[in-house]
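Paired with chain B in one complex and with chain C in the other, chain A is shared by the two complexes that follow.
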Partner chain A sequence: MNAIASARDLITRNLRQSGILVAFVAIVAVFALLNPMFLSATNLTNIVLQYTYILILAIGMVMIIVAGQIDLSVGSVVALTGAVSAVVVVKNGMPWWAGVLAALVVGLLVGAWQGFWVAYVGIPGFIVTLAGMLLFRGLTYVVLDNISISPFGKPYYDIANGFLNGLFGGYGYDVFTLVIFAIGVVGYAVAQWRGRQSKISYHQSVESMPLFVAKLVVVAAVVMWFAYKLATYRGLPVVLIILAVLTIGYTLVTQKSVFGRHVYAVGGNRHAAELSGVKVRKVNFWIFVNMGLLAAVAGVVYSSRMNAAQPGAGNMFELDAIAACFIGGASTSGGVGRVGGAIIGGLIMAVISNGMQLMGVSTSIQPIVKGLVLLLAVAFDIYNRRRAAALR
Partner chain B sequence: MSTILEMRSIVKEFPGVKALDGVDLDVTRGEIHAICGENGAGKSTLMKVLSGVYPHGTYDGEIVYDGETAEFGSITDSERRGIVIIHQELALVPYLSVAENIFLGNEQRGRTGLIDWNRVNTEAARLMARVGLDENPVTPVNQLGVGKQQLIEIAKALSKEVRLLILDEPTAALNDTDSEHLLDLLRHLKGQGITSIIISHKLNEIEEIADRTTVIRDGSTIETIDMRDAGSGAVQDRIIRGMVGRDLEHRFPERTSVVGDEVLRVEDWTVYHPTQVGRKVIENASFNVRAGEVVGIAGLMGAGRTELAMSIFGRSYGRSISGRLYKDGKEIQARTVAEAIDHHIAYATEDRKTYGLNLIEDIRWNVSSAGLGKLAPRGWVNDNEEIRVAQEYRSSLNIKAPDVLSTVGKLSGGNQQKVVLSKWLYTDPDVLIVDEPTRGIDVGAKYEIYTIINKMVAAGKAVVVISSELPELLGICDRVYTLAFGRITGELPVAEATQERLMELMTLERDQPLPTKENVS
Partner chain C sequence: MNGRTPLLSLREVSRFFGAVEALVDVDLDVHAHEVVALVGDNGAGKSTLAQIVAGVLTPSSGQLEIDGEPVTISSPSAANRLGVASVFQDLAVAENLDVTANVYLGQELSRRGFLREGEMEETTRDLLRHLTVRIPSVRTPLSQLSAGQRQAVAIARTLIGSPRIVVLDEPTAALSVAQTAEVLTHIQKLRDLGLGVILISHNLNDVRAVADRVEVLRHGRNNGSFAATASHEEILAAITGAP
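What follows is the complex of A and B.
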């Protein structure tokens, strides 16, 4: 196979993922052309700080959607967990980690509650979480006594607003950030290389060497450029580390673990999964517990970012998270979707919001644009899938 | 007699595949014309070309319908000319009434533009009478059986003034009575001048009903047989020969059985219906299967065959199950599917699309789905090993697909069935229960499935085959149990079994006494 045919084959096989990546790059390019500030160090850092919680929610949501369920309550859970954390840290004067811990425990309990109704009583997730959306919003009001609680104080505030920098010094840019990113890139390259070697040892076809190297070089260049941008501003945001760990961890869980496989099996054909020995109820229970946990993480990040817990926090977050999954190629009927796709879908939403704010587009126009983007992205995806199916 | 339809050298290409490579088809006005061919031979593609699913211009060749060149751009075009296709998977809306379904998309409007329900229901009743369906037109479709639903589809076709009726595997899901009724109806419609094209794998049925049969293989027409000229008996062999391109001397592969120790014994197995309180679905069933043995379970639809198998397989059917299971002489518990798999019991379902496969996933993931633990000793799947395993089964079971990353939903029935078998073979079963293993698959693939079963027993495993096709059971089993109304009514070594004898036992009613047991060993 020559290099061009090989490249075409790679793109065709991954059209579902690559299509959305192309869309993402195009959107970034449009905003970069419209406003030179868009790709500035300050703004890139801002995007990271501002939208991480949506991406965290999208990771949990994509697993729920792959299993053929939906979770409408995550916005309320973000508010509730933030509120609990505020009561612990601000009202009771306990340390920041106690607040985080309390939030996570509440998230797990919420998840177990919803998982119980979905998995063991057999109520559709849509209904259970619609009820949950009201329930946990109300509980937030109760916990907060209907008023905002703030401020959290320095260590808690730093979770979402802090940076790691200065450890190795630097001249106008932060060396530590560059080193961390470089380690990441090398790790990625090594993992790719080992995967390739392992495939070869199993006599599977792999992309040609020049293409493989070109792919690594492009990824490394983009990542290091991004790292340099961050380094010239304030360094490595703490939330980016949280997000990276979650993304890598959940990608592995969904793609490589038995549990992840079972999630896809349940979403693809519940009956067949059951008759193959998959414990469908357990799977449904644990994906909701997991969603509760991730919603709590998002709750901590969001309350930290706002430096306050507000009764109305997290409103409509569920829709952003769900939109991120569908833009990222998840299927409404379950069984299809990837963590990576949901992350890119979330980034598309984030970049559009940020880009429009930067250009001073009025807040009444912003939801219109986001709605259209959701529609067009999914239409684009369906078009690509049909083409891919025809090429097969 | 004039020709109603002529398709000349039809060629239809998909990227990389030539699905039709010069098919010719002549259909005479007022005849019943059968089309035979293995799965993947191109029958369905041909019918899609004819009905406009693949519009004019996407294929080469010429269609002459009713003396005119036809260039259908969509199904609507072909329906307007009186060509109606009824697919294997019925296209009825379950919660709508019979009448609503008949006129779906063709609503009878009154002068106000609103639906004239009296007219709809009267018209529907008239059409239902024509197809011999004695039901209230306002009954929701989901309250009727598959046989009656099939009749509704035909009534729907009649409402569109059908002149050429195409039926794709119409009797695949029907029992004998319903099939007979449907075939009678086709004859009746023929009397009214309606031409039918019937696609079927059931050769007995074709021999009974068709005037002529066109055999297709690998996208080309092999021959068109006039069923009146061909001598009866020989005609089935001729069709098979045409379909597979070789003489199929034996429909069942040879096997010398070496029977060993008992592997699985079921004793006093009683199962109650999951929702209807107090209704026994299986009553005191006892049977066993030994190493190297193929045991058949023969029963009519509703006898409890699938229910028996599924209740044994991790209690996946029924409630208040009582009885004992012995594996290799030791009593075991298999309360969940996972436990059953751990005891090396496997069950391949009769309904592979609903219960057997994840149709949106690829061959690889489907093959590994039941035995995933073997690929993931510490909870993490070795995906390269997984591909190797899938490739191994793809070649050893001859699954026809471009590669193991092909989506299972796009494979033919026979190849899907092989994926189901691969999935269970990978769990290393000592006992494999196969439920209607050859339903809806063609002659060539059937032979391959039998070969797979033979290989398993040759390796000292035990196989239980559930089937409603008695020749199949007689062809591949060592021993056959009969099941009737939830009771095991007899047990015969295959040497003593005949279709008549089995049928007698299979129709033994609940209040009739069991015959004295005919012992084998």
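What follows is the complex of A and C.
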């Protein structure tokens, strides 16, 4: 009785978040049933390699959307940063890290440029980044002189295509991968446990012990199963480590830091935030700088993945990243959304694309399905908000 | 009035918006343990005055003093540092954030940039208890609270950083009768805690229920000072300028 009540409470309390998670699990289950190849080690690894750059963009984008802005330029910034990196590494023969560094610096400059116009001149982010989309695409053509530059060569290529494998040996599977994931699971469990303890010490309601343990066991089982799949194929993809570090880091920044709190406040009620002493301009400036940096990371990963810098790279990436945020529960009016939600939203898009490709669905049908998913996700969000307003 | 140095005094404060005279040579004193009501018709300059005290606007001329010392209040955070906290007219809270986050907004407790949630929750709970505010949990998002509860949170947030002067701009404007009564109790609690309160309101009944003194503004100028015992008609006459 009590356990059921607390389970129901857990679900209704986080319907927006958990609804997305349930949808994700359902979509994975459907594709797994339709095609046994879907959950194979090879395909799971492919999903990780193919869509990481969208997820990296979605992390920055969700912060922008929470603050009530939008960034349409990230696809062009991915292209520009990749192009700069290629010129440094391929044309000038500099080492791989010089290319990465150059890309990150360009990303920061782009972010500062757009942040300046949004925060200090007061032009809406939509307009500034629409201009940026054209501007940085054009600059990409200039930097690349209208042609693709390739190949990057080994160390750079491994950023997006490399694996950590065989560090601890193993018998048909990579022990190192399993160890890393196990550390992650233990860390997650400890963090959850400490969160629960501190909630109890402040007299807040928590889910019952059996439910709490059950939740941890399910999460641990799924994660370790995924780790085992990766371990039996090629090991731990380097990009997965990059993505994990970014996801954990930005979850902490958005949920636990003063800056993160201020981002939510600006998106929730800009006027109230300003009167409360939140430095709204500074917040707006830094979220765009941050987006520029993450777009550069995505640019590096994408150019590495393609082993080339192309003038047309990153086309429409901004829309995938924005869709990931909204599917992941971000609100169109700002103030609501989470990094974890955006990641799951991005994974839903990734799984749908990959699943349809695997089943040989024609390329003309794929965007139709993705468009409908986006529409339904936002409709669900609006329906939830109306219901919440009616309950009040 | 009683020989003590006022907590806050305004001396001949004026504020112009271009050619518009929003405030002209206004004087105002607020003492500790005192609720001063500021009344006046629309456009009489009440909100302008509140915003000057809160640091949102700077006066075009005139002097502000806190404890008899001249001060300039250049921003809301400067006001906070000087011990002045404000609640603005239009329910100035972020509905997407929970009670604790709103109470501490802009003044978060942190260690190396990261929030100290536990301490903030505890203090918030204490504050709400002092004000006898009933709210399900300090982690409830504001979007799930009634307008009266939200206003109570807005009043509670003024107490962070132990201010000495609280400015309330139309705190009861959007509220039902029962909610208004509740908010008026909170205002009395603020006085009992020893604060000086500036209460801006349209509603003379509210004002006479809690204020110790009523100051009238008309066309941006002082137009009479009344004890709380003054009759409705007397105050109304000063507001409308009737002879």
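Of note:
Convention: the second predicted complex is superposed on the first by the 379 of 392 C-alpha atoms of A that agree within 3 Å, B and C clash if a C-alpha of one lies under 4 Å from a C-alpha of the other, contacts with A are read in each partner's own complex, and residues count from 1 in each chain.
The rule is simple: a contact is a pair of C-beta atoms (placed from the backbone, for glycine too) under 8 Å apart; a residue touches a chain by one contact, two chains touch by 3 or more.
The structure displayed is predicted, hence computed values, not measured ones.
The superposition on chain A brings chain B into a clash with chain C. Contacts of A:V336 after superposition: both chain B and chain C are touched. When the shared chain is aligned, chain B and chain C each come close enough to touch A:S198. Within the superposed three-chain model, A:K256 lies in touch with chain B and with chain C [touch as defined at top]. Of the two partner chains placed around the shared chain by superposition, chain B and chain C are both touched by A:A272. In the superposition on chain A, A:L33 contacts neither chain B nor chain C. In the superposed pair of complexes, A:M316 makes contact with neither chain B nor chain C. Contacts of A:Y264 after superposition on the shared chain: both chain B and chain C are touched. Taking the listed stretches 151-159, 421-429 or 511-519 of chain B in turn, the superposition on chain A shows a clash with chain C for 421-429 alone. Within chain A, the residues touching chain B in one complex and chain C in the other are 198, 201-202, 204, 252, 256-259, 261, 264-265, 268-269, 271-278, 335-336, 392. If you check the complex, the residues on chain A that touch chain C are 198, 201-202, 204, 252, 256-259, 261-262, 264-265, 267-269, 271-278, 335-336, 388, 392.
Within the complex, the chain A residues that touch chain B are 198-199, 201-202, 204, 252, 256-259, 261, 264-265, 268-269, 271-279, 331, 335-336, 390-392.
Remark: chain B residues 14-15, 313-314, 316, 336-338, 340-341, 347, 349, 354-361, 365, 368-370, 372-373, 376, 379-381, 383-385, 387-388, 402, 406, 410, 423 touch chain A in the complex. Those residues of chain C that touch chain A in the shared complex are 54, 56, 75-77, 80, 86, 88, 90, 92-97, 101, 105-108, 110, 113-115, 117-118, 121-122, 137, 139, 143-144, 146, 157.
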